[in-house]
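The structures come next, written out as structure tokens.
Two complexes come next, and they have one chain in common, chain A, joined by chain B in the first and chain C in the second.
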Partner chain A sequence: MSPLLQIENLSLVYGADQVVRDLSFTIGRGESFGLVGESGSGKSSVANVIIGDLPRIASARGSISYDGIDLLGASREQLRALRGRRIGFVQQDPGASLNPTMRIGRQLLEALEQSDAPVAGRKERAAEMLSRVGFDNPGTIMARYPHQISGGQQQRVMIAMALLPQPDLILLDEPTSGLDVTVEAAVIKLIAELRTQFGTSLLFISHNLNLVAKACDRVGVLYAGDLVEEAPAGSVFENPRHPYTQGLVKCLPGQSAVLLPIRGHVPSPDERGPGCLFASRCEHHLAGLCDAPFDAVTLDRAHRVRCTRLADIPPFARQAGAPEARSLDGAPPAITIRQLRKSYPASGGDLFVANDDIDLDIRQGEILGLVGESGSGKSTLAKIIAGFDVATSGTIMVGGTDIAKLPVRKRNRALLRQVQMVFQNPDSTLNPTHTIGWALGRAIRKLEVGSGDLSPLGTRVRELLGLVALLPALGSRKPKALSGGQRQRVAIARALAGQPRLLLADECVSALDVSVQAAIIELLQDIRTRTGTAILFIGHDLPLVRQISDRIVVLFRGKPMEVGSASQVYSLPLHPYTEALLSGQNDSEEPKKTTAVSSTQAVGGCPYVQRCGRVIGDICRTHAPEYQQAASGHQIYCHIRPEELLRMQSQLGPKNVA
Partner chain B sequence: MLAFALRRLTQLLVTAIISSFLLFVVTEFSPGTVSRQILGPYALPNQVALLDQKLGLSQSLPQRYVNWLSVLVGLKANPLGDPSLKLDLSDSRGDRYFGNFGYSLMFKQPVRDVLAGPLENSALLGAVAMAFIVPLSLLIGILAGANAGTQLDRLLSTGCLIVTSIPEYAAGVILLTIFVSYLNWLPGTSPLLATEQWSIASQLVLPAAVLTLATVGYVARIVRASMADTMTKPYVRTALLKGLTKRRIVTRHVIRNGMIPPMTVLLLQINWLVGGVVVCESIFAYPGVGRLLLQAGLFGDLALVQTITLLSLAIAAVTQLLADISYVALNPRVRLT
Partner chain C sequence: MMHTRDPHKSAAAANRRLWRHFWPKTVSARFGISLILFWIAVAMLAPWISPYPPNAQDMDALSNLGPSATHWLGTDLLGRDILSRILWGARTTLIVVPIATASAFGAGTAIGLASGYFGGIIDRAISGLSDIILSFPTLILYIVLITSIGPSLVNIVIAITLASAPSIGRIVRGLTLELRTHGYVAAAEMRGESVLFTLFLEILPNARGPLLADLSMRAGLAVVTVGTLGFLGLGLPPPDPDWGSMVAENVTMIPVYPYMALFPGLAMCSLVIGFSMLADGLEEDQ
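Entry: the complex of A and B
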């Protein structure tokens, strides 16, 4: 039987830029194929060329055959007939992919419009599909507008919409980017379930190797438009053969003890030669051999590698073990947070508590990881420390000054330089009209006060660039001439200009590619060691936070549930919430808004009681727990004794009641 | 929704009071008082002062504003209507009634009587012009925006740009030259008096055409920009990926979302059409509010200028209220606020 989708020698050119080169792969019926690549690898373009929706300047060569139909040669009308009905598509960012002014029911029914389904039963079919993707109340959902449901629910609706006309193939383009970790896990689970239920073939496109390996049978790794390796999902982690894939796995937090970033950068289209595109970053590179065109090597039936020196590439060796932890128990605190509380007025005269009596020390030279699902108050805490918001009550002491209620406008220079922030998205934090040198120079002028340092500004700018491992020549460039990773380095350099006591890093690597992310993590650790700056690292990627942090705080509804060293919290999670978070079983999908309302009604009991699987009785609902000391520096906010929690975990296994 | 409408209505009232006060201040500060105007340039200063006294013009500014407002809502009689002044001004409605805008010194009649006819004429012209502006600009804007970047878009956009950049007076003269001088198909002036040769309808054609030309290009470009922007939204791509035809994508997903921003601009045009069409009405001697405003301004007829401006303010406030309500109606995301 011929495969459902067969791509052969596909080349895609945008104007003069080669986006995809000589790509071949197949997807069998009922099979799921994952395409992984970093930004600019051309992975989305592959989906777009299959569905026939390319920018005007694009031209494609090669062949794409779908169930015997030549997609590249198909007419517009033929392609339109295939879309939806035969080939479904789930885009990223479900919030933007649903029409905000149309009810969900109507948008779902549109998906059936082109099909031969009888008109009479369509509504019922749509409702049935909604219940199959996990909605208990399809009727209510269909009557809603997209903004009235949560992000996870929106993506379920999008998946239901793609499934409705019963296509043979669904293309998923980054279906979980922009979703919360816990929601992401639920969506991946749903996709995996549906595949077995419906037997639909999938092309799953993502930058996240972990996710793809979880949801797919086979995985293709795309680098700069080349499919460098194609292998069964398991082998990609166990036995990656291409130097790029090996490098990629070493960058993944949780895969090895130390993150090893891939040096160099993805070649821009005009730097690309006829040979291996990874050559410039490859340690096995041999001039002459690697720079000439070559074909992919097949190891066995399912494993193909595009490397001409494959025989000389050593098998993948991982450094096992946990990341090295540093103990800083003796270090004096850089900032001290006491009884910090932030509440916002909510509907109906209620209060929404974003930060609930937080007591926390961040020690000098320490990297403190802050984890929790979205809405847990992580960013609120960072905002208050940075001065973008003020606390309702409580104190934050920085060197003798309480900054809890001091907005950033009212802070003097000395205070401003003590606390600096690195933002999530480096693309939008640098002014595009000024050079990097100008931006850094300004930060130095604004933040450096009477340090007696009379060295000229240019020297200081070069020093800062050196601190974040950038070439001094970059100072004269504008942000758009830099890569995402370089821009984030500049943002970090800017924050370091005043030699801060505390650096706030709010999701500062989540917009970056994995290989770049690893390098930034390495940089932050290095800076901490060299300058003694404390770092509050806020993140949603748990293995990543573990990798970088010395200590970790798990936040739930504004309250720290568990505090301890990275190894304590990750190897021995005690609190039921930490346990659920780490096992990835935390199904936090509640309808939007009600989350906020119910969190306001903390009736005096434990905030986690509604989702806790280990409730021991009424005491959990009526009495707020005390912090218990589980070990030195390891605290949990729970009524149950640590020993008891351990016994429960070993007896019952992880269990969670939503 | 009710709370929203009530809140907007309150805001409207506050806006009306503040803007009417500003308007009053500006016109009161214009050179030449009412007394000087009545008594003529050769009156002695003490005579002027005496009349000021009688008319209450020597009082403080806020006091005068309150007087003016009291006359407007019918709490006080207009001092100008006092027979002892022998100004020969009288009002058939009595001296106290709601909506008393005072007397026009130019016409020696109550402002209401002076304004009634021109207002009706302007409304007629505005309505006829809107009847063309709305469908034309939407059609052009949607066609161009839905096909952004194509030959058709470039053609329509350039056309709109050219039409927008022709000033009203130039458009008026060009149309007059073609349709009146050469072809003699239409009348050159539009006094709205039916003659044997030219019906009222034929007199409306040229003024309405000038207004349409002046507005369509601008509004169409705004609609186009909004439509083109909407076309790039992910949900439009979702519709494409469902296999919908382009026509359905545009009619179902693009138009409603794309109409949200241009709605305000479209409604603003009503404002201009009723109160601000000075040039066009002058060219065609059209007996509308714009021409009246010009006359009143030249003569220095304060009450008339004030009333017309106040009217424009009122229309502006009401059309913006309509714009807000239509915004809420088009966009379910703001329905609850």
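Entry: the complex of A and C
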């Protein structure tokens, strides 16, 4: 049987820029193919060319045949007939793909408009599809508007909509980015299930190799528009052959003990030569040989690698084991948080509690990881420490001063210097109007310790740039000329100008590519070691947080559920919430956070009781638990004794693997 | 690749870069700015290029008012050369319009930044006041203001500022609301920059794109306003020419001598078109 989708020697050119080069792969019927690549690899362009949605300046060569139809030569009418009906498309941002003015039900029916399905039973079909993508109450969902359901639910609706006309192929372009970890796991699970149910073929496009390998049969790795490696999903992790894939696996958190970033940057379209595009970053690069054009090599079991020196590339060697543990028991605290509480007035006079009686020390030179799903109060805590919000009650002591209720505008120079922050979005962290040198110069002038240092400002700016491994020449550039990773480095340098006691890092690498992410993580660890700055690292990527952190706090609805060293929390998660979070089985989605929280607060039970799989009785609902000591430095907020929890896990749940 | 470092050459290169930076990239913006520059040149050179003094009466011309070899655009009923009066009239417009627009923008930017950045009660107070002003038709606002405080350069500037600052403020407020969420604003606050520094060096420069386009459009509107006020007799006091009052003086003659009102009207039109095409072009540029 011929494959469903066959792409042969596809080249895509935008104006003068080569975006995709000589791309070939096939997707069989019922097969799922994953396309992985960092930003700028051209992965989304591949999806767009398949559905025939390219910018006007684009021109494509090669062939794409879909079930015998030549997509590149097809007329607009032919393409229109295919799109939606035979090729489904699930896009990145479900919020932007759904029409905010229409009820879900009507939008689902619109997806059936083009199909041959009898008009009479359409509503029933839509409802049935909703229940198949995991909604218990399709009727209510259909009556809702998109803003009335959560992001995860919206993405389920999008998947249902794509499935409704029973297409043979569904394109998923980053379907889970922007969703919570727990929700992401649920969506991936759903996609895997549906594939077996419907026999639909999938083209899954993502930057996340982990995710793609989980959801797909085969994986293609795209680098700068080249398919550098194509292999069965398992082989990509176990036996990556291309130097780029090997590098990519080495910078994935949770895959090896130390993250090894890939040096250099992806060549921009005008830097691309005829030979291997990874050559400039490859340690096996041989001048002459690698710079000439060559073809992909096919290994056993449909494993294709595009590397001319394949025979000389050593097999992938994994550095197994967990990250090295550091003990900081003796270190004095950099910041002491006691009984911190933040509540917002919510509609109906209820209180929405964002942070609930948090007791926490961050020691000098420690990286404390803060994890939890969105809405758990992670960012609220960071905001209060930074002074962008004030606590309702409790104290945060920094060097003898309580800053819990001191907004940033009221902090003096000495206090401002103590706590600095690195922000999430690399695109807006630096002012596009001013040069890098200006930004750092301002930070030095406002935060520098003492005025005894007489070296000119320019020298200090260069020193700061050196601290984050950037070239001094960047000082005269504007942020637009920098890559995301470089901008985030500058942001770190800016925060370090006053040698802060505590650095707040709120999702500061989540917008970066994995290879860049690894480099920033390395930098933060290095800075901690060199300067003794404590870092509060907030993240949703659990393996990543584990990689960088010494200790971890698991937050749920503003309350730490489990606190312990990184290895304790990850290899021996005790609290039912941590257990769920780590295994990704936490499918249940938050309905509306305000109401749900206030109800449990009113009763005074455990905040996790509604979703807990290990409730032991009414005590969970009526009495707030006490912290229990599981081991030295390992605490859980639960009624059940640690030993008992361990026994329950071995009996009932699957064993978690960090 | 340039290997030799010739100071003249690099100075020339710097000039070229400066030129490229400020010379607009779209055709309509270039056309618009050319029109504006033309009128600026005319206003500056009026004493030298105008054939007659603006208020001089040519009694000989009264027998033949229309365009002729001596008076290219003709004369008005008092025998004053229309071309000269248009050239001199450009001065009035091009003095009042920039001052009024700058003043309106200064005020609008200040209130917009304040209400967008501080929010809360300040925002509500400013927005409320703006709504009150904006609820009046602008023409009525001008008439009420000028008739009560009297026509003079300063009062015209005050009137235009009062009438357009609220809507400029709204634009700036919207931009500020978005820009203040950016990391660099938070970073400025975390290093203890003053409020003014944050507003004028961190936020405002990033709003300049949309503001420049709006500035150009409003300058065009100010030309119309100055013309309207002149037409209504609320402009600068006679006898010095301004385009609006020239139209007003001659409007009753339109059936007989249409050119008397037409030429100053055309002058006004071309300047307004210049400003709005520049605005269009700047918007496209972004």
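Worth pointing out:
Simple rule for what comes next: the second predicted complex is superposed on the first by the 637 of 658 C-alpha atoms of A that agree within 3 Å, B and C clash if a C-alpha of one lies under 4 Å from a C-alpha of the other, contacts with A are read in each partner's own complex, and residues count from 1 in each chain.
By our rule, a contact is a pair of C-beta atoms (placed from the backbone, for glycine too) under 8 Å apart; a residue touches a chain by one contact, two chains touch by 3 or more.
What you see is a predicted model; the values in this text were computed from it and never measured.
In the superposed pair of complexes, A:M421 makes contact with chain C only, with no contact to chain B. Contacts of A:T101 after superposition: chain B is touched, whereas chain C is not reached. Judged by the touch definition given at the top, the superposed model places A:Q114 against chain B, while chain C stays out of reach.
Touch criterion not met for A:L470: it reaches neither chain B nor chain C. Of the two partner chains placed around the shared chain by superposition, neither chain B nor chain C is touched by A:M648.
Shared contact residues of chain A with chain B and chain C: none. Chain contact summary for the complex, chain B toward chain A: residues 149, 233-235, 237-245, 252-253, 256-257, 330-333. Residues of chain C touching chain A in their complex: 181-184, 186-193, 201-202, 205-206. Against chain B, the residues of chain A that register as touching in their complex are 51, 53, 56, 80-85, 88-89, 91, 93, 96-102, 107, 110-111, 113-114, 145, 147, 158, 161. Residue ranges of chain A in contact with chain C, taken from their complex: 386-388, 408-409, 411-413, 416, 419-421, 423-425, 428-434, 439, 442-443, 446-447, 491, 494-495, 497-498.
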